[in-house]
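Since the structure comes first, as structure tokens, the remarks are kept for the end.
Order of writing sets the chain letters: A, B, C and D. Residues in each chain are counted from 1.
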Amino acid sequence: MTMKIGFIGLGAMGLPMSSNLQRKGFAVTVFDIDDAKMSKVAELGAAKAASVAEASRGQDIVITVLPATQHVEAVVLGEDGVLANIDAGGLLMDLSTIDAKGTDRVAAACAAKGISFVDAPIGRLAMHAERGESLFMVGAEDADFARVEPALNAMGTDIFRCGHPGMGSRMKVINNFMLLSTAQIVAESLALGTKLGLDIQTMHDVTGATTARNGQFHVLMANKVLKGDIEPGFTIDLAFKDLSLAMNAAAENRVGLPMGAAAHAVFGGARATKYASKDYSALLNHACDNAGVETPKME
Amino acid sequence: MTMKIGFIGLGAMGLPMSSNLQRKGFAVTVFDIDDAKMSKVAELGAAKAASVAEASRGQDIVITVLPATQHVEAVVLGEDGVLANIDAGGLLMDLSTIDAKGTDRVAAACAAKGISFVDAPIGRLAMHAERGESLFMVGAEDADFARVEPALNAMGTDIFRCGHPGMGSRMKVINNFMLLSTAQIVAESLALGTKLGLDIQTMHDVTGATTARNGQFHVLMANKVLKGDIEPGFTIDLAFKDLSLAMNAAAENRVGLPMGAAAHAVFGGARATKYASKDYSALLNHACDNAGVETPKME
Amino acid sequence: MTMKIGFIGLGAMGLPMSSNLQRKGFAVTVFDIDDAKMSKVAELGAAKAASVAEASRGQDIVITVLPATQHVEAVVLGEDGVLANIDAGGLLMDLSTIDAKGTDRVAAACAAKGISFVDAPIGRLAMHAERGESLFMVGAEDADFARVEPALNAMGTDIFRCGHPGMGSRMKVINNFMLLSTAQIVAESLALGTKLGLDIQTMHDVTGATTARNGQFHVLMANKVLKGDIEPGFTIDLAFKDLSLAMNAAAENRVGLPMGAAAHAVFGGARATKYASKDYSALLNHACDNAGVETPKME
Amino acid sequence: MTMKIGFIGLGAMGLPMSSNLQRKGFAVTVFDIDDAKMSKVAELGAAKAASVAEASRGQDIVITVLPATQHVEAVVLGEDGVLANIDAGGLLMDLSTIDAKGTDRVAAACAAKGISFVDAPIGRLAMHAERGESLFMVGAEDADFARVEPALNAMGTDIFRCGHPGMGSRMKVINNFMLLSTAQIVAESLALGTKLGLDIQTMHDVTGATTARNGQFHVLMANKVLKGDIEPGFTIDLAFKDLSLAMNAAAENRVGLPMGAAAHAVFGGARATKYASKDYSALLNHACDNAGVETPKME
């Protein structure tokens, strides 16, 4: 029997993901405040809902992909929101990257109503979502995971279970803290190396052959800023938001993050520059500007 | 015709490297202040020299591997040192990790005497040196590189040319700055993640599948601290020395390194703890101690 | 004619301040969830209110002094809160230290109802409040300032006008950012100086005679931690909250604060230690512990 | 009997100081590589020496004021330097700001030759030196202090004894670490406050009335950058040198300085800007540039 999915939020991630679900045989009902986006998925056979409420009723699973904590809380917990309309025995899966405490509040509200809840924030970028190659960090009870697994497999290739509800959000915070902070380390290293006269290809190859190797230099930057491309991707503004989630989690848990704090300050300062809405790999441009050297490029 | 090599400095790197050269058919003359170490290479057929001077005379190549800038300057530039004794037309290759300005001074002194100079600092650890699997970052003129290449191939598997003399030293500084700073990012990430309740294997696997992947977590720590092993390897004290080289290079070149500075401060503080002479992957223990969580381990 | 004041929140600041108002001839009606505290002011002649609503009705001025943004918003904007009960033509003065955005929301809600609003966060400590020697940073329109000035003069000695409503909150954030970050600079300086063998009295006297002179060393620490007293005062936990207000303001305004971030990380880490609920001058103990020296004391 | 003083180094400090000594009745013999500077003091009656050696012989006290560690070591310890020429029973007093380890080496060399040594680095600026209002941080044995006290009183008004030889240097490092790091805290605070719309005079007055008060804002910046004057004074480049002395001292003593490191990075970055050779109060311009606000001025 065809699984029915209500899908709320058709942004850079939600649009390709809901499309893939529809293409792969799920019965998808979409909702977004932008009707043009709904029409794109409708062309593939999906139904359009007129409201969050309509998208939430009569579904096996309701999926949300929204920008930030306050949007998820408004859509799920708000008057005439998902929780007010989802069927008894229903399941809500939130793919948004939000504050873990926000995830906990949503999970608690679901539990109080007897609704199953899964958090499954997305790793990787929009281009991977389009190819159905997303990575998901899943917080779910066993039985609930079994229910969402087919949908996750339709949208992605790498499904990681991270523990009970809420742990997907936490894993996402840690993952992005690690990669974003590393990006700035790479930016500083390359700015200094360039000022010392080292060739970018040499730096790329040597560090690629030692334990200095990392995905920010050898995957991300090699394909973006080092090719002269700083169109997002993932903006410095959004990256700053993600780093802020880590700083908040650290504050709540009484952990000091000396390098995280330095990274947060650098991203914060970069937001006052022309790179604020560029790909965060433009941290390299920012570091090279500050160092007074030209940003290196690789052929 | 057998190539004659004078080899000065039989520490953790010099001992296995000189041994490999002797085994692979070079005529090696060793010198070290520790006679027992010389004897180990002599058992393989090498000659023992009684002094730096004796090890420097009559060689095709003189190789130095010494702890720090002042040792290299003393051994090479000092009275009755390498430069005072090396044959006309000789070549000095320094494998030490030292200040780039120190390398420049040695290179300039060689040039003034018509002696060829190559700097080729070592990537990787003593265990790789023993297996002849070292990585070298080579600063050399073309003709000089041709002369040292056979010896480098006898000691290592990855030989990277980085430019003219002095650029090997600079590449080493950048490489270690990048990896050591990244190590602390990983330490902070895992300390926070652990405090948030995430399983170490989950963090390992998820970050390994995104651009958060890096050699410090997925190669170094996975094989050291996360297995409960913090015996060096490479100590926090030595790592601090390497970070200091980067900070000095940044100072000389008018570059600010906000995260490098934070890393330098953390390593500096870790040197006041019981981890000072432990493997630098023990940054994780230090971060977890500070955060009040137990250091995670992977099976 | 006696001015009538509703006073909500009888914490470390509110209790002595409302007492001073009552002593100095204002007709005070107090409200707090802790009846014992209300009784203390009632002994001086103040009236007790049974609710926020009761304390808000029939007053010339309603004053709030509450711990954090969410408390102010709940008490002022909540159902049956101050705004729902305050008389037409009334004036609300908030003395709390809260997020400037929170102040702006309260100010906007007041404006929408035609209620005058003044923000006047408190400088200095509880002991000054008891002596009627508080400092106030006042955001107010001219006419409103004239209305609150007698009350402010009854509670404090230094009344600074900082601009329109909201600017008092902003001034408080900057003031505490500057002093708290400076405290950690002093802690680092004294920890290093002590490790170098310098006498604390010498450091005190010399820096007191140069532009190194600052209130954190020469007023705060000289009277607290350097006398061996780390009972709050103002705790590291509260100080961290205030630093967080600055970091949030910086984030909202696209400003990077490299040293502020480092301070925030240090305070954040100190919160995982036994000093979390001690006076923030205990940053010196924390720095000395980390440096492996005994905390210095002055006689 | 007139005290004879050999005075070596007639820079921004040495010139006015030697002039004051000559004016106040000491028999001064000066040496500097710049003859024009010697002539200025000679016009007051001082003798010119043709060399360090000549300035060192036949004096009661030899005073050195030189830019950095290497200059002091060269002039004092070098061939035909002070130590090779100073009379038996002589006394050397170094007023330079140098690395404490350098001071220790000079002190040890003096001790080995039976020469008394005093280190007395200078607090305050050239304009104070001209008025004979310098501050000295003195490391000296009691008997030696008695010998130099009249000369110190001729040059300055505030003479602080800091302990045995070497402790003057250490006190200077701590003093300047504290004030330079505080300067950047002030710069960040004012940049953020300005972006929040606060008036500079308000920030000045309010923080001046709380424990936020500090010499960097209320003395230094109030008289320099906030008046639109960033001519040195004391350049960012020199300030960076002094901060580096603190970072080196911390490294040698296994102390981590999280905020010191952040300050060092900021000063390091500022050296790549147009402010490198401006007064270090121009940190405020740098912070405001980064924050995208105009640098505030006070009338």
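One rule holds in what follows: a contact is a pair of C-beta atoms (placed from the backbone, for glycine too) under 8 Å apart; a residue touches a chain by one contact, two chains touch by 3 or more.
Chain by chain, the UniProt names read as follows: A, B, C, D = 4-hydroxybutyrate dehydrogenase/sulfolactaldehyde 3-reductase.
Keep in mind the model is a prediction, meaning the values are calculated, not measured.
Asks: Could you work out how many touching-chain steps separate chain A from chain C at minimum?
Replies: 1
Asks: Over half shared numbers or under half: where do the identical copies chain A and chain B land at their interface, same or different?
Replies: same
Asks: By mean C-alpha position, what chain is farthest away from chain C?
Replies: Comparing chain centres, B lies farthest from chain C.
Asks: Calculate how many whole Å lie between the centre of chain A and the centre of chain D, each centre taken as the average of the chain's C-alpha atoms.
Replies: 52
Asks: Provide the C-alpha centroid distance between chain A and chain B, rounded to the nearest whole angstrom.
Replies: Chain centroid spacing, chain A to chain B, equals 38 Å.
Asks: Can you compute the centre-to-centre distance for chain B and chain D, using the mean CA position of each chain? Integer Å is fine.
Replies: 38
Asks: Mind pulling the residue numbers of chain D that touch at least two other chains?
Replies: Residue numbers touching two or more other chains: 250, 254-258, 260-262, 265-266, 269, 272, 290-292.
Asks: Quick one: which bits of chain A touch chain B in the complex? Just the residue numbers, please.
Replies: 100, 123-124, 135, 137, 158, 160-163, 167, 170-171, 173-179, 181-182, 184-186, 188-193, 195-199, 202-203, 205-207, 209-217, 219-220, 246, 249-250, 253-263, 265-266, 290-292
Asks: Quick check on the complex: what are the chain C residues that touch chain A?
Replies: 240, 244, 247, 250-251, 254-258, 260-262, 264-272, 276
Asks: Under the definition above, what is the set of chain B residues touching chain C in their complex?
Replies: So the residues of chain B touching chain C come out as 258, 262, 269, 272, 290-292.
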